[in-house]
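Data block below; observations after.
Letters A, B, C, D, E and F mark the chains as written, and numbering starts fresh at 1 in each.
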Amino acid sequence: MGHKSDIKLIVDGKRTDGRTVDQCREVTMEVNVIPAADGSAKVGFGSTVALASVYGPRELFPRFMQESDTGILRTRYNMAPFSVDDRKKPGQDRRSQEISKVMKHALEPVLFLQEFPKVTVDAFAEVIQADGSTRVTGINAVSLALVAAGIPMSHMVTAVSVGKADGELVTDLNGKEDNFGEADMGFAMVHDTGEVTLLQMDGELTLDEIKKLLDMAQTACGQILEKQKKALRDFYVKRGE
Amino acid sequence: MQEKYALELINKGMRVDGRKLLEFREIELKTNVINKAEGSAYVKMGETQVIVGVKMNMGTPYADSMGEGVLMCGAEFTPMSSPDFESGPPSPESIELARVVDRGIRESHCIDVGKLVIDEKNVWVVNVDIHIINHDGNLMDASALGAIAALKTTKIPRVDLEKMEIVRNDYVADLPVVHTPINVSVCKVGSNVVLDPTKLEEGSIDSRISISVREDDKICALQKQGSKGIMIGEIPGMMELAMEKSRELRKLLE
Amino acid sequence: MQEKYALELINKGMRVDGRKLLEFREIELKTNVINKAEGSAYVKMGETQVIVGVKMNMGTPYADSMGEGVLMCGAEFTPMSSPDFESGPPSPESIELARVVDRGIRESHCIDVGKLVIDEKNVWVVNVDIHIINHDGNLMDASALGAIAALKTTKIPRVDLEKMEIVRNDYVADLPVVHTPINVSVCKVGSNVVLDPTKLEEGSIDSRISISVREDDKICALQKQGSKGIMIGEIPGMMELAMEKSRELRKLLE
Amino acid sequence: MGHKSDIKLIVDGKRTDGRTVDQCREVTMEVNVIPAADGSAKVGFGSTVALASVYGPRELFPRFMQESDTGILRTRYNMAPFSVDDRKKPGQDRRSQEISKVMKHALEPVLFLQEFPKVTVDAFAEVIQADGSTRVTGINAVSLALVAAGIPMSHMVTAVSVGKADGELVTDLNGKEDNFGEADMGFAMVHDTGEVTLLQMDGELTLDEIKKLLDMAQTACGQILEKQKKALRDFYVKRGE
Amino acid sequence: MGHKSDIKLIVDGKRTDGRTVDQCREVTMEVNVIPAADGSAKVGFGSTVALASVYGPRELFPRFMQESDTGILRTRYNMAPFSVDDRKKPGQDRRSQEISKVMKHALEPVLFLQEFPKVTVDAFAEVIQADGSTRVTGINAVSLALVAAGIPMSHMVTAVSVGKADGELVTDLNGKEDNFGEADMGFAMVHDTGEVTLLQMDGELTLDEIKKLLDMAQTACGQILEKQKKALRDFYVKRGE
Amino acid sequence: MQEKYALELINKGMRVDGRKLLEFREIELKTNVINKAEGSAYVKMGETQVIVGVKMNMGTPYADSMGEGVLMCGAEFTPMSSPDFESGPPSPESIELARVVDRGIRESHCIDVGKLVIDEKNVWVVNVDIHIINHDGNLMDASALGAIAALKTTKIPRVDLEKMEIVRNDYVADLPVVHTPINVSVCKVGSNVVLDPTKLEEGSIDSRISISVREDDKICALQKQGSKGIMIGEIPGMMELAMEKSRELRKLLE
């Protein structure tokens, strides 16, 4: 947030990519793109693209890592080396380890892990093009992949980023807004119940601004949830053929 | 057993140590506790103990932030501080702690990094290291408090520009700290809101939001933790609570 | 069970998916699929899916190759692509894959590295990263195909020589790719020779030779794999087969 | 040892911090400073300060690391990043791994590990301020922490550094003497029995000088042992309140 | 392969070390040089020297790494830091990991691992002087060490390098030919049966050249096999004394 | 069983191989054994075999030791040398071995590091690498002997000052080795003092002191090992023994 820059992020109410402040980029969703996985999905928000795959429930090895009274969800968020301007060294850095952890917490609330003692569900999100909002794109993809894998879930989890750029509150930050804006909030929720499962923010915001951003995020999640549902319907229809 | 008892008490609005749900434990704050560090602080929050040391080193600026000093924040969950911690590479928990404290400092712009330039090529690198001494819960708030306290007492050593060497123990200025962010982690236990949980109580937490608040009530960093969700309508109230409590904690720094 | 069935079919000259023994699966090849990469390709060979991205960075030449750009090739077997892969340091298999693809590119001299000089000290570093998306066998041929396809579409960005910074998305030239090596892995299953095995079929492979062939029929790299030997008299025939098939695959790049 | 320097370490019989040659810096000891631990202590020699904590005896996991016929002592010596002039990168380097090993051997002789098969006793020493003699400060702290943890021990272990600076034999080296002196000897013993459990030296010494240093070390250990005992008495008295 | 160079590798049919094109350097072989091992050998091709030792069959720990239906062969190829001009950092790099893997495949075909479930045979090759052809030198050494360890084997494995330098096809590449030649082929075979167990090549070759190189490699392996047999005979004779 | 027998013999003043308690095994010492190294030695002490190679490289001096060359000492317990060693990161034992040998060389000032300056910025880095070939006990004494033997035969290569490149195999001087430290590890087994134990005998050692002695009888490094203590009154006698034995071993270097 807040790198010095002369870049104007909003001109005449239009963002650098022509959107209005509360508009998401084009959202693309496709389920079952990775046949080896038990469930998978590909999600794009503009030119940010993430793949997700889910394996499990499967027995966890070595055995001393198993939990006797509950199943566990393991998550891994990763960025491909070529997904960013300056090549990212392969392997997990501190940022991706933190995101893997919050991604886990974003999804656990909808799983019935207690009913699967000793097993693991493994969820992987791989960012192949990064242009802001990568973690929420990844969460949307993993959420779809979990459903496609047939993992019992109470609800879908839907995620979006909101934030502040050039003094305006905006939905679905692109890379420039992420780098040069004033605040960035990662947000995930169970839209049907109102439960927030991911909330991260950095920047400078008043309480009022945060309240407005929560509203904008909830509204956007409602729209995105419809796209998740459509992607699943398309998948089941196709599979049923 | 004990953990279950702590939960039962919270459900009745009470706590094992007799505190109210929204009450912090007693806080002891000492600064300048490490003589080799350019800034340091010791925080004792109940039985949780944290040392934060700040070392000033020379380095090169980031390519996208020329003309600015560099902040780096690390945390070690030393195995000495808890029976649960192990030796080895940093755990996801210690990484998250360091990154949340880092964001609280960075995003509040509390350090005027534009003043940390040494010469055309070199800037000051401000290394904030958080050392957990005893873990009895609420490491996030204790660490963030220690970090800002240590930064506020940090001095900039003289640089011998001919040798390009730092002359330790010969200070020329205070670190320019222009804001005072305070982190308050607001916890949900069932329908109750709880502050400053002990380690025993942390076993019952459903979720929490760590909220970093500046002295002008600007919120600079948020991090939800825990494996349960929080109703969206509850969040603004949790923020207000954090803003209120942050004023209380900030007084410790004066 | 399934694996045994695949083997029985091969022994009868047939395959689970109805192909002939020396037939490749359908190949889908797309280039410029990653907008942040200077070159990229997506290869779908049956259900095997690979993305290859090429990033152009500035660096210093090797001491024994002054005046030449640098090629680096990596491969990640992301745990997402197969139930058998795990997180962690690169596996011996992924290292071998990267090194064999690297040799196919390097030894064929397909990139004119003498043209990749920026100034006296700096050259272009061509980073080829192979990302396995879905593993259904024959990763070597799919990856090598993706690598040469990505290189052939790679553009060289402009360098701001005052700031010595790369200006991304402002391209001044194509990467000078002067040859087109193609990798064909010829597999032995009992007395049969098989091409392009699926993952299921790979369980029955006794051995294979990955053979990199240039458009002038020069062979640039060989790598035998698998825990059984191959009769020396069979090897030339396997090479001829690879040369023949390489012409077929090379057409996909035109 | 022996970095070139124009620094005079001893002038008119006085050391840089005003001490005589056989004088320890001010020794501070406090038991039970880390409540989470089964036993703990804080020890200071002048501005060198180490914390120690002990956990155990506890079962060792994973099981294949257990020894069927004896318990094991695991030790870890570590320096905090801010304990030295130029920040130390976190994590164990070769020096701290070696010290962890000799620390283990310095303490094993007084433990009855054979009586605790399959378990581990874990002892951690953390240097938070370094001004010479850090390893012996750490051993004194761990020794106190072991007693406070109730680990069965035949005796206390007491440690001190001795060495040579500006041609004089000295007790309890400070950082300058450690860096610019002629020899540095780390020493630990069971003072009651005369058993030496740590002996490391680097520098240039004659046999006679070593004999004298051993005498000086033994004398200092006698004094330090009294402080260890007092710290334990204070702790038990306080706990008894 | 193919570093630019003005070095002439072949002059008047003679190579830089005076050999003809199809001549191996002096081959030295000695069995049982490492008494701690179950079997060991030292093999030199000119100034390239490799040691090998074999331990096993022995039970594999931790147990979850065991295979229930077969024994496993583990191999490690390593270069000593002082074996090359510019000191090699200790530890396995990507090159040595790859070579360890192909070395494993080069030797597995002659072992009866299925008859030793749950156990491991560990084979180590250590290059102490490197002047080209290090991997094949290592394979020859490990092959001898396996026999000396009494591991059941159907045949010996014999290895050699062939390649192209200054336009000529050559046997047993030295360091200069390896660095500045046009092609390098690592080759191992069971000479008695004609089975090829290692085949790696990089460079630029026509099919005809490869055919000729295969012939040259087979011929050289025949000669080297005799030396392997002699080394084993010498060892058994000596042991029988 | 065997180990117990070795102990019983020692208690009677005898040893499995017929030696006296204070007798070393036969020592074979060869130098210049590695043609790629600037100095090297092979030590065979009974069945213990060690190769030490010295590589001379260019580098920058330490900030606190400008105008001096740099010594670095490493040891690898290759898994080939003992059934007990495993692949992986350096073990604490190999680190201790390297550090004790390093201190014996460094603290004896046997290398005149002031003469290892190349130009204003560059000095020689002397890399001593100890490679254990066969482990049959007393690695410390064998390694230290190999290290000083290798250093005494080390030659300094020419530097092409225009290209700032080392010209290998073109030597301009001997490494300035001005002292000859010898390491003798004096072991306690019950009430007996034993030298040069085999690996079998090492199982019975209560403790040992590695003692590095210079030719002028100065003691330069001490390291007690083992999990039992040593009576303080016994230590001077152990040093005297080491001094005496060091003279005997030093003759091997002449």
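Everything below uses one rule, namely that a residue touches a chain if its C-beta (ideal position, glycine included) is under 8 Å from a C-beta of that chain, and two chains touch if they have at least 3 such contacts.
This is a predicted model, so every value here is computed, not measured.
Fewest touch steps from subunit D to subunit F?
1
Which is the least count of steps on a path of touching chains running from subunit C to subunit E?
1
Which chain's C-alpha centroid is most distant from that of subunit A?
Following the centroid criterion, the farthest chain would be F.
From the centre of subunit B, which chain's CA centre is farthest?
E
Need the CA-centroid distance for the pair subunit E / subunit F, whole Å please.
So the centroids are 31 Å from each other.
Where the centres are mean C-alpha positions, what is the separation of subunit A from subunit B, in Å?
From the centre of subunit A to the centre of subunit B is 27 Å.
I'd like the Å distance between the centres of subunit A and subunit E, where a centre is the mean of that chain's Cα atoms.
Each chain reduced to its C-alpha mean, subunit A and subunit E end up 50 Å apart.
As a quick test, compute the distance in whole Å between the mean CA positions of subunit A and subunit F.
Spacing between the chain centres: roughly 57 Å.
What positions in subunit A touch 2 or more of the other chains?
Only 62 qualify.
Can you list every residue of subunit C that touches 2 or more other chains, as numbers and ranges?
90
Within their complex, state which residues of subunit F touch subunit D.
64-65, 90, 92-93, 95-96, 98-99, 103, 106-109, 207, 209, 214, 217-233, 235-236, 239-240, 243
Give the list of subunit B residues in touch with subunit D in this complex.
34-37, 40, 47, 49, 51, 53-55, 57, 74, 76, 78-83, 87, 89-90, 127, 129, 131, 133-136, 168, 199
Across the complex, what residues on subunit D touch subunit B?
Residues 33-37, 40, 47, 51-53, 55, 58, 76, 78, 80-87, 90-92, 122, 124, 126, 128-131.
Quick check: in the complex, which residue numbers of subunit E touch subunit C?
Listed in rising order, the residues of subunit E that touch subunit C are 1-4, 94-95, 97-98, 100-102, 104-105, 108-109, 179, 185, 189-190, 193-207, 210-211, 214, 218.
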